[in-house]
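Inspection log for the structure reproduced underneath, given as structure tokens.
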Amino acid sequence: MQAILDVSRGALSLLRGMGVTLRNFFRKPVTVEYPRKRAKVSKNHRNAIALIEAGNIGSHNCIACLQCEKICPSACISITGTRPDGVPFKRPDKFDLDFALCSECGLCVDVCPTNTLGYSEEYDTAGYTRADFKYDLLQPWLSREDQAIERIREAERRKKEEREAKRKAQAEARARAEAEKREQQPESAAKQDQDGERGTGI
Amino acid sequence: MVRDFTDIFGSTWLAAAASVAVIMAFLSVNSLMLIWMERKVSARMQRRLGPTEHGPFGLLQTFCDAIKLLGKELITPRHASTKLYLAAPILIFAPIIAICSLFPVSGNWVFRDYDIALVLVLAFTSMSILGIFAAGWGSNNKYSLLGAIRSILQNIAYEVPLLLSVMAVVLLAGSLNLRDIAMQQSGIPYVLLQPLAALIFFVAATAETNRAPFDIPEAESELIGGFHTEYSGMRFGMFFFAEYSSMVIVCGLATILFLGGWHGPVLPGIVWFFIKVYALIFVMMWFRWTFPRLRFDQLLKFSWLVLVPLAVLNLLATALVLKLL
Amino acid sequence: MPELIHVARDEDRDTYYLNMGPQHPSTHGVLRLRLLLKGEEILTAEPIVGYSHRAHEKMAENRNYIQFLPNTSRIDYLSGMIYNIGYCQAIERILELEVPERAEYIRIICCELNRISSHLLWYGTLLLDLGGFTPFLYCWDDREEILDLLDAITGSRLTYSYGRFGGVGMDVDEEFLSGVSAFCKRFRERLPEYETLVTKNIIFENRCKDVGIMDLEMAREFAVTGPMLRALGEPRDLRKDEPYGIYDKFDFEIPTRTGGDTYDRFLVRVEEIQQSLSIVEQAVSRIPDGPVMMAKPPRKIKPPEGEYYFAVESARGHFGMFIVSDGSEIPERIHLRTPSFANLASLREMLPGTMIADTIAILGSIDIVLPEIDR
Amino acid sequence: MAGMEHFAEYGFFGALLLAGVLLAVGPVVIPLFISPRSRSEKSRDTYECGMDTIGSAWVRFDLAFYLFALIFVAFSVAVLYLFPVALVYDDGSYLWRDFVAVALFLGILSLALVYSWRRGVFSPALRTTSQRTHRVGE
């Protein structure tokens, strides 16, 4: 008797299981046909790093401080930089990424002091040789480099002039103030917010 | 009036040649379509899409696969027993065409009408086990060997309930001629008179064809393909071909024995026959994509301690009822 | 039949050795089991590991504490978040850093989601090993939701390096939180379907019940932890026993079973999924506003000289980090105590006497992750 | 000879069997012309999960399997005798003799099953709980 009950209970469980698969048979598939349709990539998705455009100079804002190169656990970034004339910091002349080594940990992006590192949008890179994954991150910016340096110089010059002018104005004011019985307190130039851009000092 | 191929062609040999052509054409297209169907059914049950690339609904996918298999290298393992290893796919494949010729697909349409067709079908379907054992032993691979041993035990375990359930039908019909058996079901199909026998038959048939949940001889997650582990390219293709063809055979047999063969309203008989066959095949696929695999000893226990006693009781009951009526 | 080794003694003629793995579909990676078989019965079983050794512990000695961060989520790639955040918590404990409360909540949500996704993968692969392909894909369908959610905030689907010393890498937005709630709701609706399809399936029950039974003494001997131990009726769980993070603020239970067989391990994990869901729901409903990073995280991580041990409960059990510091930026030694390694060792005792088919079920129920064993 | 004529009737079936053998050879021959050849001897190794094979696969298999084979022989051969019985079952004038014969036959047959069941053929004495083979640290 018990055996018969067991068998029928088992058979019932099997039938109910078949019910589940049949229900799913008529549901809509969840597949995204990948090469035909692109998968949705989250906005924070980590991939090969890229240099981000900084609005005010029309190019990236890398100052070749080598912090990313130092922190990279896989040693896949190599940077060299020189300081152009009239620019207060270095500009990279080589920013290579060996993506074949990269583990997409994102430490370099975290550590970047000028927030100039971000992720590229591609997510299905493929290649036939290791050389295919040697990315030159400066490539897209090469054409704008001269212009960018020009702009930085321009900004630097303007800043210098402003500083000069301010100093001159302050000196004049001071002189005037001294002349007018030394009433006014001189303003500290250092206190002034220079540009609004983070940390770059442009 | 029976119209079989010997009547049409006049000569046995011509008729045989014509039958081979027709059956071979049907079977090759059929297995390719069944593989496609399997992939589509499994995909839909798992909420995937399945093949979509080649042809409409991916219909040509399996044709491409077949062509690819033809271009694959045939590797014979160094330590294999060459004769057995090479004979195995042939042994499995050879009886299939002959078995298919026995099925009456419509009231007056059968390749050759034999009075003992049922015995022939049962005998030759069991022959595939020889091929499986030759493959398993000949490969000299332990996984293959395990698969082969399991296969034999499974086949002999399920042969018995299969025969006993068929016997109940033979008792009712009083004939071993497949056409006669189907003819007698023009009113009520035997599945209504013999529901238990039909169930036992179908379960045993699923096991005979090594389909999940009874696919332990192949058991890709344990035995990595079991008896056909060492087979590559088209030799592996032959096993595949045989598996899907034998699905058609057992489902065709079930259709004739229990579902009334070609009988059905409105549509022509041959259409009804294939509708029933493919519906049964769909159920087999449905099994496969729903259940986990049984363990080997549970499988044997289930056959010997559940199916066989049930089949014996069913047979006795049938015999008793026949006497009472 | 030339050049094969023959078994020497005649009485051994009906036993034979079989390599299961490293290239085997059910050894979950590159585990190799050398089985001595008699027919289908296993006489001895010897797990052989090391095929995917990546020297994570050695790597730790060659880079500073921050640079080791991405490694942690690669040790056990299925519960990468738990390992990653566990490592951060260890360093925070050593340096006595204060983590903002919001960050703690985010950590709990992420870790528990990760635990669910890890259990889902185990669920699917166990069924796959037992021959049920369809539940496997249902699990992956649900797991995908979790991966999408975690991807949105961490930027990675598997190897999250999301934890930071003193907080987490990125704040979560409303969209993420509502996504998590939606996932919990949807997944709770899906659970009965799993139960009908798998848990109550008679074939599945028969495959798992009374297979791979372990007793408590043996579990202690092998230092078995996690769901395997809890399936023996021992409610050991670091989240309750030695609460780290803010686990003590949550209301959850440690599911246990007493049988200690494969089916019990299965049920324990399934209930754990539900408990994790409830933790996630609590966390989402109570998450406070605020920063996700401490005000002034230390620029250089220099733990004082000494030896430290910190452990978290990963999806597989007790994950411990033994950190030896010489006071510099680079660790002297980091030893990782990974749960599956200890759990796997018990195979030697569980396998003999069972059949090949059971091997697969037992192996599946241990829930091994080979890279975590080999490290 | 009457026997020969009887077989001649199955010429059709035999021809189809022959055709099956021939057609099975065909697809295996085609790849010989178009498939690539591997140069590595390693590819002809027996597959054992990527490791070198330990010993041959041609071993003696467990005796338990032999018992299963015996039950099968008992059953399958005996069931064959039922086919002719089934054919003539209901057309005689004997009312109960047929049934009693079949029932007796099946009953005796079932004894084989009962016997092997009682002898424990179907419940292999597999160990499910752990037995100590060695201790940690030994």
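We just call them A, B, C and D in the order they show up, numbering each chain from 1.
Keep in mind that, in the parts below, contacts are C-beta pairs under 8 Å (C-beta built on N, C-alpha and C of every residue); 3 or more make two chains touch, one makes a residue touch a chain.
Every value quoted in this text rests on a predicted model; they were computed, and no experiment measured them.
Asks: For the chain pairs C-D and A-B, which is connected through the larger number of C-beta pairs in contact?
Replies: C-D
Asks: Which integer distance in Å separates the CA centroid of chain A from that of chain B?
Replies: 61
Asks: If you average the Cα atoms of chain B and of chain C to get two centres, how far apart are those centres in Å?
Replies: Here the centre of chain C sits 43 Å away from the centre of chain B.
Asks: How big is the gap, in whole Å, between where the Cα atoms of chain B centre and where those of chain D centre?
Replies: Computed value for the inter-centroid distance: 15 Å.
Asks: Tell me, which residues of chain B touch at least two other chains?
Replies: 45-48, 79, 140, 142-143, 224, 289-291, 297
Asks: If a residue has to touch 2 or more other chains to count, which residues of chain D qualify?
Replies: Only 48-49, 53, 56-59, 61, 65, 124, 126 qualify.
Asks: Tell me, which residues of chain A touch at least two other chains?
Replies: 14, 17, 20-21, 24, 30 - these are the residues of chain A that touch more than one other chain.
Asks: Which two-chain combinations qualify as touching?
Replies: Touch list across chains, by label: A-B, A-C, B-C, B-D, C-D.
Asks: Hey, which residues of chain D end up touching chain C in the complex?
Replies: So the residues of chain D in touch with chain C come to 48-51, 53-62, 64-65, 124, 126-136.
Asks: Considering the complex alone, what residue numbers of chain C touch chain A?
Replies: Result: residues 63, 66-71, 74, 134, 138, 141, 144, 148, 151-156, 159, 161, 164, 169-170, 193, 196-198, 200-203 of chain C touch chain A.
Asks: Touching residues of chain B toward chain D in the complex: what are they?
Replies: 5-6, 12-13, 15-17, 19-20, 23-24, 70-80, 89-90, 93-98, 101-102, 111-112, 114, 119-120, 137, 139-145, 149, 152-153, 156-157, 159-160, 163-164, 167, 170-171, 174-176, 224, 229-230, 233-235, 237-238, 297, 300-301, 304-305, 308-309, 312, 315-316, 319-320, 322-323
Asks: Using the touch definition from the top, list the residues of chain B that touch chain A in their complex.
Replies: 41, 43-49, 52, 286-287, 289-291, 306
Asks: Tell me, which parts of chain A touch chain C in their complex?
Replies: That would be residues 9-11, 13-14, 16-17, 19-21, 24, 30, 42-46, 71-73, 103-107, 110, 119 of chain A.
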